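The structures come next, written out as C-alpha cells.
Okay, so subunit A shows up in both of these, paired with subunit B first and subunit C after.
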Partner chain A sequence: MISKEDFEAFVERLVKEDHREVVGVQEKGDKFVFDELKAAKDLRLDYDVTILPPKKYFMPQRETLVKYKVKDGHKAVNEITPRIILGIHPYDLEAIRQMDKVFSDTYEDKNYLKKREASVLVGVNIENVSEWCFAGSMGTSTIEEHYDLMLTDIGDKYAIEIGSEKGFELLDEADVMEASEDDISAVKKKKEGVKEKFEKKLDLPPEELPILLERSYGNTDFWKEHSEKCYSCGSCNLVCPTCYCFDVKDFNELTLDEGERIRQWDGCLLEEFAIVAGDENFRENRYQRYRHRFMRKGRYIHDRFGDIACVGCGRCGSHCVPDIADPTEIYNDLKEVTK
Partner chain B sequence: MSGKPKAAFFDLAGCEGDQLQIANLEEKVLDLINIVEVVSFREIMKEHSDDYDIAFIEGSVTNDHLAERLEEIRENASIVVGLGSCATIGGINSIRNSQDHEEVKHRVYGDQADLFPSWDKAKAIEDVIKVDYHVHGCPIDRDEFIHVVESLVLGKDPEIPNYPVCVECKLNENICAFERDEFCVGPVTRAGCDSCCVNEGTICWGCRGLIDNPNDDAHSDVLEEYGLSAEEVMKKFNLYFGWQQEARKDE
Partner chain C sequence: MNRHSIYEPENAKILNIREQTEKEKLFEIELESGEPLDHDPGQFVELSIAGVGEAPISITSSPTKEGASFELCVRAVGNVTNALHNLKINDEVGIRGPFGTGFDVEEFKGRDVLFIGGGLGLAPLRSLINYVIDRRDEFGKTAILYGCREPCEILYEDELDQWDEMTNMDLHQTVDRCPEGVCWEGNIGVITTLIPHVDFDPDTTIAAVCGPPIMYRFVMEELKNRNLPDEQVFLSLERRMKCGVGKCGHCQIDGLYTCQEGPVFNYADVKDVEEAL
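And now, the complex of A and B:
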C-alpha cells in the first residue's frame, strides 16, 4: 500500500533521479496519451483510454532498422531507451503479453524484444471506463500477471501488487506499507466492480468467435453491407494494441552515399497492403479488407497463437469516422445472422 | 541516362511556391546540384537551356499558350515530374471549374477580362501530356522532393503514399478533427505530408489530392451525418479536388 501523497513523491523522484525515461498517461486536449512525464502531477491514472496503446514504446511508429554507407557497408540499428511506463490498463497488458509471443515465436525480433526487456510495466486497474470499451466481455478488465507492478486506486491510497523482481526493485525507493485485510478486500471489490461498468458488451463468449467467423467468411453480403462506408484509412489497425504489421522502406540521403532502412506501421485495411510483386492484390475490394481484420482478431490469430486478438479496448470503434468498426456491433450482428 | 542528369524547372499557372520550397533547401541545394545538373530554374538562376532530361513542372494549365509550352517541354524531357497541387491535381486554380467562367474572369480582371484568354477549366498537367511522377502538396514537402530526385537518379520508382492522411494522424497520435467537432477531408486525401496541418491543431484541406480509390461518396454522406449541408460538403471538396472529381467522372 502507498498513500497517494507518497506515491506522487515516489513518481516525482523517479522523474528526477531515475536513469530511465519515465512515461505515463497524460492529457492531450480532452483525450489521453502515453508520453514522457515532466512532473508527477501530470500523471492521470484515472484516464479512460489512450489514443495509441503503449505498444509504441516497443514497436515505434517509425523505426530505423539499418543504416548504410556505400563505402563502409551497413550496420543494424536498435535505438533502446530504457523506460518505466506508468498507468497501463489490464487490456493493454494482455495485448503486450500477446505481442511478446508474436515477436519471439519463430523469429526473435530484437528490435521489439530488447526494447521490451528494457521497460518496466506499471499497470493500473481501470477507474473510468471509455464508452467504447468492452474489456468486461473479453476477460481483460483485470489481469493477474504480465505486469511488473499493478496499482489499484482505493480512495486515498493505492494498493500495489508486485508481479516481478523488476517491480519489486522499483519499490525500493517508495514508502510502502503492508496491506491490511480491509485493503485486500477493497482491491477485490474494485476488480469485481469494474466488470459491471462497461456499456458495450459482446453477446457471446469470446471463445465462440473463431467458429462464428469461420462460418461467416462466405457471407459476402454481410461484409459488403457493413463495409460500404469504409474509407480504407487503416485507423482501426493503427490504434489497435494487437496489430503488428509493418512496411519496410529504404531512404537515401541526397548525397546518394548513405541512407537508412526503416519500418513503419502498416494496416491490412489499406488498399495497397496485400499487393505483391506483379501488382496482384489479394484483397482488392474494400469488403475483403474489412472482413480480414475481424477474421484476424477473432480467428486467424487464435488458430496460430491460441489467443483472441481483440482485447476489448474499443479504440478501433472510437476512431472510426464513419462508425463501422466497433467489434461488438459486428460480432453481435454476425451472431444474430449466423444461426 | 549516363552521367549527371540535367534538370529544368518550369512554371505554368501557379504561385511558384513549390519552386520556392526547393530554393529554400539552402545547404541541401549543393547536394542537389551534385547529383543533377540544373540547367534552368528561373527563380534562382539566369541561365537557361532546352537540353534537359528531367523536367519539373509547377502550375496548372489554363490556356492554349500554356498547353503549347507544356507539349514542348514533354518533347524535350525524358522524365516529366509534376510539382505541387496546381500541376498534379489542378490545385487551387480548379476552384473555378465549378463556377461561371465569365463571372470568374470579371471578378479577377474586371473590364480588362477580354485581354486574358483562358479556358473555363483549369487542368492538371496530366490532362494535357503524359506525366511520369508527381510531387504532391501545396506547397510540396521538401523531403519528399528530395526522395523523388534521389529515386529518379538511382533509377527507382519513388515511394509516394496512396493511403489517406488518417494514417499519419494516427502515427502522430493526433486528436481526430472530427473529435474536435471539426470536419476535414483527410480520410480521402493522399498522405505524405506527415499530417502537418492536423499536427498543428487545424484540419486537412486536401492539398495533396484524392487517393487513387477514395470512398468519397461515403465521405460526403458522413460529412452530412456530422451536420454539414450538401453545399458545405461541396465547398470542402472543391477547394482542391475540382479537377480531380471531374476527371474521375470521365474515366
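And now, the complex of A and C:
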C-alpha cells in the first residue's frame, strides 16, 4: 500500500533521479496518451483509454534495423531507451504478453525483445471505462500476471501488487506499508466491480470466435456488407495493441554512400499491403482486407499462438471514421448469421 | 543465422554472372564467411542491396552443388532486382537466410518425380532437379515439363540440353507462342498441353510444380484428370516476404505464412485456402 501523496512523491523522485525515462498516461486535449512524464502531477491514473497503446515503446512507429555503408555492408542497430512505463491497463498488458510471444517465436526479434527487457511495466486497474471498451467480455478487464507492478486506486491510497523482481526493486525507494485485510478485500471488490462497468459487450464467449470466423469465411455478403464504407485507411491497424505488421525501407543519406534500413508500422487494411512482384494484389477487394483483419485477430493468431488477439480495448471502433470497426458489432452479428 | 539481429544481412560476394535472357541473370554468390548456405531445395534468401532494399529470391542451386557458393536466378522487375542486374563480378551484396520450408526431399525419395515449371518457376525447381540428378539412385523415373511464353525466355539452355541427354530423364518443352522468324522446333501451346505426353504412374509419382499463379489452376486440373492425388503434389508460391521470419505479415495467405510454412506447400494443404491460388 502507498498513500496517494507518497505515491506522487515516489513518481516525482523517479522522474528526477532515475536514469531511465519515465513514461506515464497524461492528458492531451480531451484524450489521453502515454508520454514522457515531466512532473508527477501530470500522471493521470484515472484515464479511460489512451489514443495509442504502449506498444509504441517496444515497436516504435519507425525504427532503424540496420545501418549500411555501400562500401562496407550492413550493421544491425537497436536503439534502446530504458523506460519505466506508468499506468498500463490490464487489456494493454495482455496485448504486451501476446506480442512478447509473437516476437520470440522461432526467430527472436531482438529489436523488440531488448526494448521489452529494458522496460518496467507498472499497471493500473481500470478506474473509468471508455464507452468503446469491451474488456469485460474478453476476460482482459483485470490481469493477474505479466506486469512488474500493478496499482489499484482504493480511495486515498493505491494498493500495489508486485509481479516481478524488477517491480520489487523499483519499490525500493517508495514509502510502502503492508496491506490490511480491509485493503485486500477493497482491491478484490474493485476488480470484480469493473467487469460490470462496460457498456459494450459480446453476446458470446470469446472462445467461440475461432470457429465462428472459420464458418463465416465464405459468407462474402456478410463481409461485403460490413466493409462497404471502409476507407482502407488503416486507422484500426494503427491504434491496435496487437497489430504488429510492418514494412521495411531503405533511406539513404544525401551522399548516397550510407543510410538506414527502417521498419515502420504497416496495416493489412491498406490497399497495397498484399501486392507482389508484377503488381498482382492477393487482397485487392476491400472486403477481403477487412475480413483478413478479423480472421487474424480471432482465428489465425489463435491457431498459431493460442491467443485471441483482440483484447477489447475498443480503440479500433473509436477511431474508425465511417464507424464500421467496432468488433462487438461484427462478432455479435457473426453469431447471428452463423446460427 | 546472425546472433545479434535477424535483420542483419551477411556480406556476400558475386563470383560470377551469367546472362540467361534479356531479363534474367544467374548470379553465383558466396558468403563472406566462406560457409555454405546450408539450404534445402525450394528455400529462399533475402537479398539485400544497401541503399535499395531487400527482396526475397528463391535459391536456384542445389545444396549438393560443389563448393560453398550458391546461385540465384533473378529477373529484373523491381528496385532491388534492377539494382542487382547493374552489379558486376566481385561486387558485394547482403544475404539473410536461408528461410522458409523447401521441398521435403524425404517425401520424394524412392518415387518417380514429375517436375512442372512455368517461366521463372524453373529457377526454384532447378534446386530440386539438380538435387535429384546428384543423388540419382535415391529416386525413380523423372520427367521435366517446362514452358515459357516465347523461345527467347528459355532459361538454363545449356543445362536443358544436358538434362535432355540423360537417360532416365524425360524432358518436354513448350512455348506459348513463337514469333515469326524465330527458330523453334518444339511444341507450341501452354504447359498443360505437355501433360498428356508424359507417361507416369499416379501411385508412385510425386510432382513438384512451380510457375506463375495462373498456371497452377490449369496444371492441377490436368494432374487430377491423370489421377495424381493432391497429397503427391508440391508447389512453390510467391508472395512478398519482407522480413522472411514470420513477423511482418506481408506474405500471409489467409493464416499461412509463405515465409514459414512455405514457399513450398503440399497441394492438399492449400487447395481450399482461398488466398493461395
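Please note the rule applied: the second predicted complex is superposed on the first by the 337 of 339 C-alpha atoms of A that agree within 3 Å, B and C clash if a C-alpha of one lies under 4 Å from a C-alpha of the other, contacts with A are read in each partner's own complex, and residues count from 1 in each chain.
Criterion: contacts are C-beta pairs under 8 Å (C-beta built on N, C-alpha and C of every residue); 3 or more make two chains touch, one makes a residue touch a chain.
Only a predicted model underlies this, so the values are computations on that prediction, with no experimental measurement involved.
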Touching A:K201, do we find subunit B (first), subunit C (second), both, or neither? neither
Could you tell me if A:K189 is touching subunit B, subunit C, both of them or neither one (first, second, both, neither)? neither
Considering only the touch criterion stated at the top, classify A:V33 as touching first (subunit B), second (subunit C), both, or neither. first
Could you say whether A:R215 touches subunit B, subunit C, both of them, or neither, answering first, second, both or neither? neither
After lining up the shared chain so the two structures overlap, which partner does A:V239 touch, if you call subunit B first and subunit C second: first, second, both or neither? first
State whether A:N252 touches subunit B only (first), subunit C only (second), both chains, or neither. both
Between subunit B (first) and subunit C (second), which, if any, makes contact with A:L270: first, second, both or neither? first
Does subunit C touch more residues of subunit A than subunit B does, or is it the other way round? C
Using the superposition on chain A described above, determine whether A:K16 touches subunit B (first), subunit C (second), both, or neither. neither
By the touch definition above, which subunit A residues appear in both interfaces, subunit B in one complex and subunit C in the other? 249, 252, 256
Residue numbers of subunit A touching subunit C in their complex, please. 65-66, 68-70, 73-78, 102-103, 105-111, 217-218, 244-250, 252, 256, 259, 261, 263, 266, 268, 273-278, 280, 282-283, 288, 292, 295-296, 299-300, 303-304
Touching subunit A in the complex: which residues of subunit B? 28, 31-32, 34-35, 146-147, 149-151, 153-154, 159, 162-164, 166-167, 170-176, 178-180, 187-188, 211-215, 218-219, 221-222
Sort out for me which residues of subunit A touch subunit B in the complex. 28-31, 33, 51-52, 56, 61-62, 228-235, 238-239, 249, 251-256, 264-265, 267, 270-272, 286, 319, 321-322
Subunit C residues touching subunit A in their complex are 1-2, 4-9, 11, 48, 50-55, 77-78, 92, 94, 213, 238-240, 242-243, 245-250, 252-255, 260, 274-275
